[in-house]
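One structure is given below, represented as structure tokens, and several questions about it will come after.
Labels run A, B, C and D following the written order; every chain starts at residue 1.
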Amino acid sequence: MNFKEIIQEVYQKIENIDDKGKLTSYLPELADVDPNKFGVHISTINDCNFGLGNCNDKFSIQSISKVLSLCLAYSILGEDIWERVGVEPSGTGFNSLVQLEASNGMPRNPFMNAGAIVISDILISNLENPKEDFIEFVRSISNNSEINYSDKIASSEKIVGFRNVALCNFIKSFGNIQNDPSDVLDFYFDLCSIEMNCKELSELFLFLANNGRKVIDNKPILTKSQSKRINALMQTCGFYDESGEFAFKVGLPGKSGVGGGIIAIHPNQYTIAVWSPGLNKKGNSYRGMKFLEEFTTKSQLSIF
Amino acid sequence: MNFKEIIQEVYQKIENIDDKGKLTSYLPELADVDPNKFGVHISTINDCNFGLGNCNDKFSIQSISKVLSLCLAYSILGEDIWERVGVEPSGTGFNSLVQLEASNGMPRNPFMNAGAIVISDILISNLENPKEDFIEFVRSISNNSEINYSDKIASSEKIVGFRNVALCNFIKSFGNIQNDPSDVLDFYFDLCSIEMNCKELSELFLFLANNGRKVIDNKPILTKSQSKRINALMQTCGFYDESGEFAFKVGLPGKSGVGGGIIAIHPNQYTIAVWSPGLNKKGNSYRGMKFLEEFTTKSQLSIF
Amino acid sequence: MNFKEIIQEVYQKIENIDDKGKLTSYLPELADVDPNKFGVHISTINDCNFGLGNCNDKFSIQSISKVLSLCLAYSILGEDIWERVGVEPSGTGFNSLVQLEASNGMPRNPFMNAGAIVISDILISNLENPKEDFIEFVRSISNNSEINYSDKIASSEKIVGFRNVALCNFIKSFGNIQNDPSDVLDFYFDLCSIEMNCKELSELFLFLANNGRKVIDNKPILTKSQSKRINALMQTCGFYDESGEFAFKVGLPGKSGVGGGIIAIHPNQYTIAVWSPGLNKKGNSYRGMKFLEEFTTKSQLSIF
Amino acid sequence: MNFKEIIQEVYQKIENIDDKGKLTSYLPELADVDPNKFGVHISTINDCNFGLGNCNDKFSIQSISKVLSLCLAYSILGEDIWERVGVEPSGTGFNSLVQLEASNGMPRNPFMNAGAIVISDILISNLENPKEDFIEFVRSISNNSEINYSDKIASSEKIVGFRNVALCNFIKSFGNIQNDPSDVLDFYFDLCSIEMNCKELSELFLFLANNGRKVIDNKPILTKSQSKRINALMQTCGFYDESGEFAFKVGLPGKSGVGGGIIAIHPNQYTIAVWSPGLNKKGNSYRGMKFLEEFTTKSQLSIF
């Protein structure tokens, strides 16, 4: 079977299981999404593309954008960023303050909220127009000038994001935030508000399956070593407190978002994006996790 | 450059760096090892083998044996073992009791001491003569009838292993140990006392680079899926609180032991064993970690 | 109203409320006690005594004996014991291992299980025949040669006390236990098995209301300063994670046991013992707590 | 010896010991205080007053004001406030976020920063002009219209108080703050900025030694029961992670502040205020703690 056939078979199977996932409730915009949406799209480095279901519907990529902000910061500062944030899985919920207290304000990895806030702070210190420059970076990787922030979602986050305000000020109290906390948080909330569809998402991440280079023109976004390291980080830390399970069952580096999206990467082969808004208890897309598990089992391809 | 040349070059480089590692002090037998020992051995699935330095000197593999006991338990019970132990990285030191309290006695993964003790309990319940049957399992995988326990090290562990006695009784208090704690611990201390050299170690683990089958006769030890899952677990949990860093810098699944040994696996390609007894602050071989980082950088091969 | 009248009134009131307490289930001997038992006894330093209900029925005093073992250790070693155990409330459940990890094996106070185990270790190191000498100490304070251990309860504890075995070995791993853990635990389980009735209990503790001296013959058990300090410790740490609430609502130093007994002390005035086996969620006697709250409210006497 | 003689003797002794305390460094105004300042003042309910040293110098009472805001909230709302904040000692540092996470935003007691912030929120919801009404309350208890906030210190706190901003937003994320976090924090920082001298401080707190009534005119500030409960809370929670030690060594309810002030209360007898700006490792006045320990030892008076 080729990818297309496998995706069709697995999509049909997962579409028919009971979706035990629940929509997140913390933002009205995310709580109102149609829970039946289900899209998937694969992009290979040798230019095969195939999508199914709601693969052209835009959704809020949320934490998936943490990979993109990390890539931009890494490409600017190189290994120096690891003096501000660690590379170890967290072992607790995704926005816990406990470990920050033990580590004097150094987040364990850049995919926890705490770590992504520190990366936002780094970008603010190093970009002239952070908000514009960042979306420009994303658009340039994807050759897609239509990708954009959702001001509505960003505003909504600002109203209810007390826990992130707490996180940012807590880190600031340890000296690991250099800019004004409210500026850092505004930028952070913007980052999380980016909207894309599965097709755009799988195309955008393809450079991480291609050793850091854009497939279309071979332009380097990251060095080969940096690209491998970002993949390693996604493997160990990409799914909050379910990262071990994702490595165990799916066997690919990836990153999820609370909007129900997941991106997974098979180095040197392909990227695959799935979207289904119902979340399991660990905060990852219920059907997305099931789909990817079944997909790598059927395709007999995992990095392990 | 081929593997042999890369290994020679990297070995020479690492041999000349300042070894900042310190011997473990908790067992007299491990504290007395010559700190200058340094061996490495690679075994490929297409039958290339190459060793350097003290690659024929036996050492105590310690926690590396946790992978072997897990494989045996997994092959006997299948997925049922995950009701007794999790698959998530721990995020704290390797023998912490904190998380056990939060999880009601379910260890987060089988490579923490707590998890390996539960696996020992499972084996005792499922093997007729646990100590004999286990070493027979190890010998049969490696076609090497000389691999054996060190009674001296096992006895030494029993005298000072108060923390493991605490762990085992703590888990028992939650009901996740079925046998008598002192029987479980005796078996656990035996497992950790196995001695091997780098050559034996790399040959032994080759089945995990070969989808669960012995290379020599294609005999299945684990299913393909199980083999991939063991590798995924080593990737996310194999190096205590340095697992993220190992994935980040080396990019291969692996497992370390407090005796200074490390085994790393490149699925479908090779296994490589390194031994140097000085440990870094996280409890992993100082020169072993450096060697493997340099080796995968030079060989431009990692799973990411 | 005098004490007798107040006790009668409050006893009647509490006897008629719905007892929401539950018997502890961890020992068959404690689980089988008649849940309707309810006794109270007061002893004043000017020799007034009054009891009501099942005040002459013996029960297992359990953790209340931790005060007695502390008094004996304190009288032998003086202030040196505070190098082995702290004087701060714990802020978590009564047998948590978490804080021991943070404090390198120094229990926060002598009334947590961990602390009482360290005190047991101190006594073993300083008494010729620990078990005999200790019960002799208790009998001499109370002029009552009938007070004794319950071998049945002690044996029962030894069968199920895995968590205490864990605690003791964990502390030993930090070097804060000097004797063999199984000897320490045997003695500890003996201490907890002492049986008394409310009358005996209130008479026994009267020296702590009398600045450390036995009322009957003015013989010093502790110095005045030591006696005050034991009372202060009971005030801040005597009721596990409900110590603050007891100070807040009852306003007297005291100590509870999982057998449903409570002793409270009004310095320079009286001691009062209550027994009702049903426990609230924090592990303290449901009716005992209610009785004492009502009693100090009615008598308008608290130390605050 | 009477109080005056004891105070004179103890003052002289403590004045001559090596002050191992260190000034707090987090606010410039507190870091610049003369470290040699040392004042003490006692006020008894039968109108004896005596002061020594710098007992007429104003200092920043800081956390001592948490008792006053609690008293005002308690007098307005009664027992309902305990649905928003607990009465148990915390067992960790004074501004830890860890326990808030475990308790879903309910601070363990009103003297931790978290608890005092919740009390500030309660006062804002219940006072017409919180800042004016509160200082009016303090002035009315003390019959001293000169007591006031220090705008300079309050402003300084607002610039560096990232950890308190984190705390307040964290609690808000659990729903236990009703008003805008920045309003709550402004008021909280005002409360902590009140300045007084030892004489004013001991006179102000005298109502808590007098069952809740002002001594001068017998006017009730709190009910007798409420007054006893405030004292009990100070006993178990008044000195951060040194509360047990203060009960143990001093044996009186009390409260300290990071400005180096301590107030202690002997119910039905007296209040005593000490001020010396050097702090010990737990954040309490080094000489203040020593003075009070010696004072209650010499006077042979403690509540235990």
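One rule holds for everything that comes next: a contact is a pair of C-beta atoms (placed from the backbone, for glycine too) under 8 Å apart; a residue touches a chain by one contact, two chains touch by 3 or more.
Treat the numbers as computed from the prediction; the structure is a model and nothing was measured.
Comparing mean CA positions across the assembly, the chain most remote from chain A is C.
Between the CA-based centres of chain A and chain C the separation comes to 55 Å, rounded to the whole angstrom.
Look at where the CA atoms of chain A average out and do the same for chain D: the two points lie 47 Å apart. The multi-chain contact residues of chain B, meaning those touching 2 or more other chains, do not exist; every residue touches at most one other chain.
Shown here, the protein chains touch around one cycle, each chain meeting exactly two partners. Every pair of chains meeting the contact definition is listed here: A-B, A-D, B-C, C-D. Those residues of chain C that touch chain D in the shared complex are 86-92, 99, 108-109, 224-225, 227-229, 231-233, 235-237, 241-245, 247-249, 251, 253, 267, 297, 300, 302-304.
On the side of chain A, the complex with chain D involves touching residues 96-98, 101, 162-163, 165-170, 172-173, 181.
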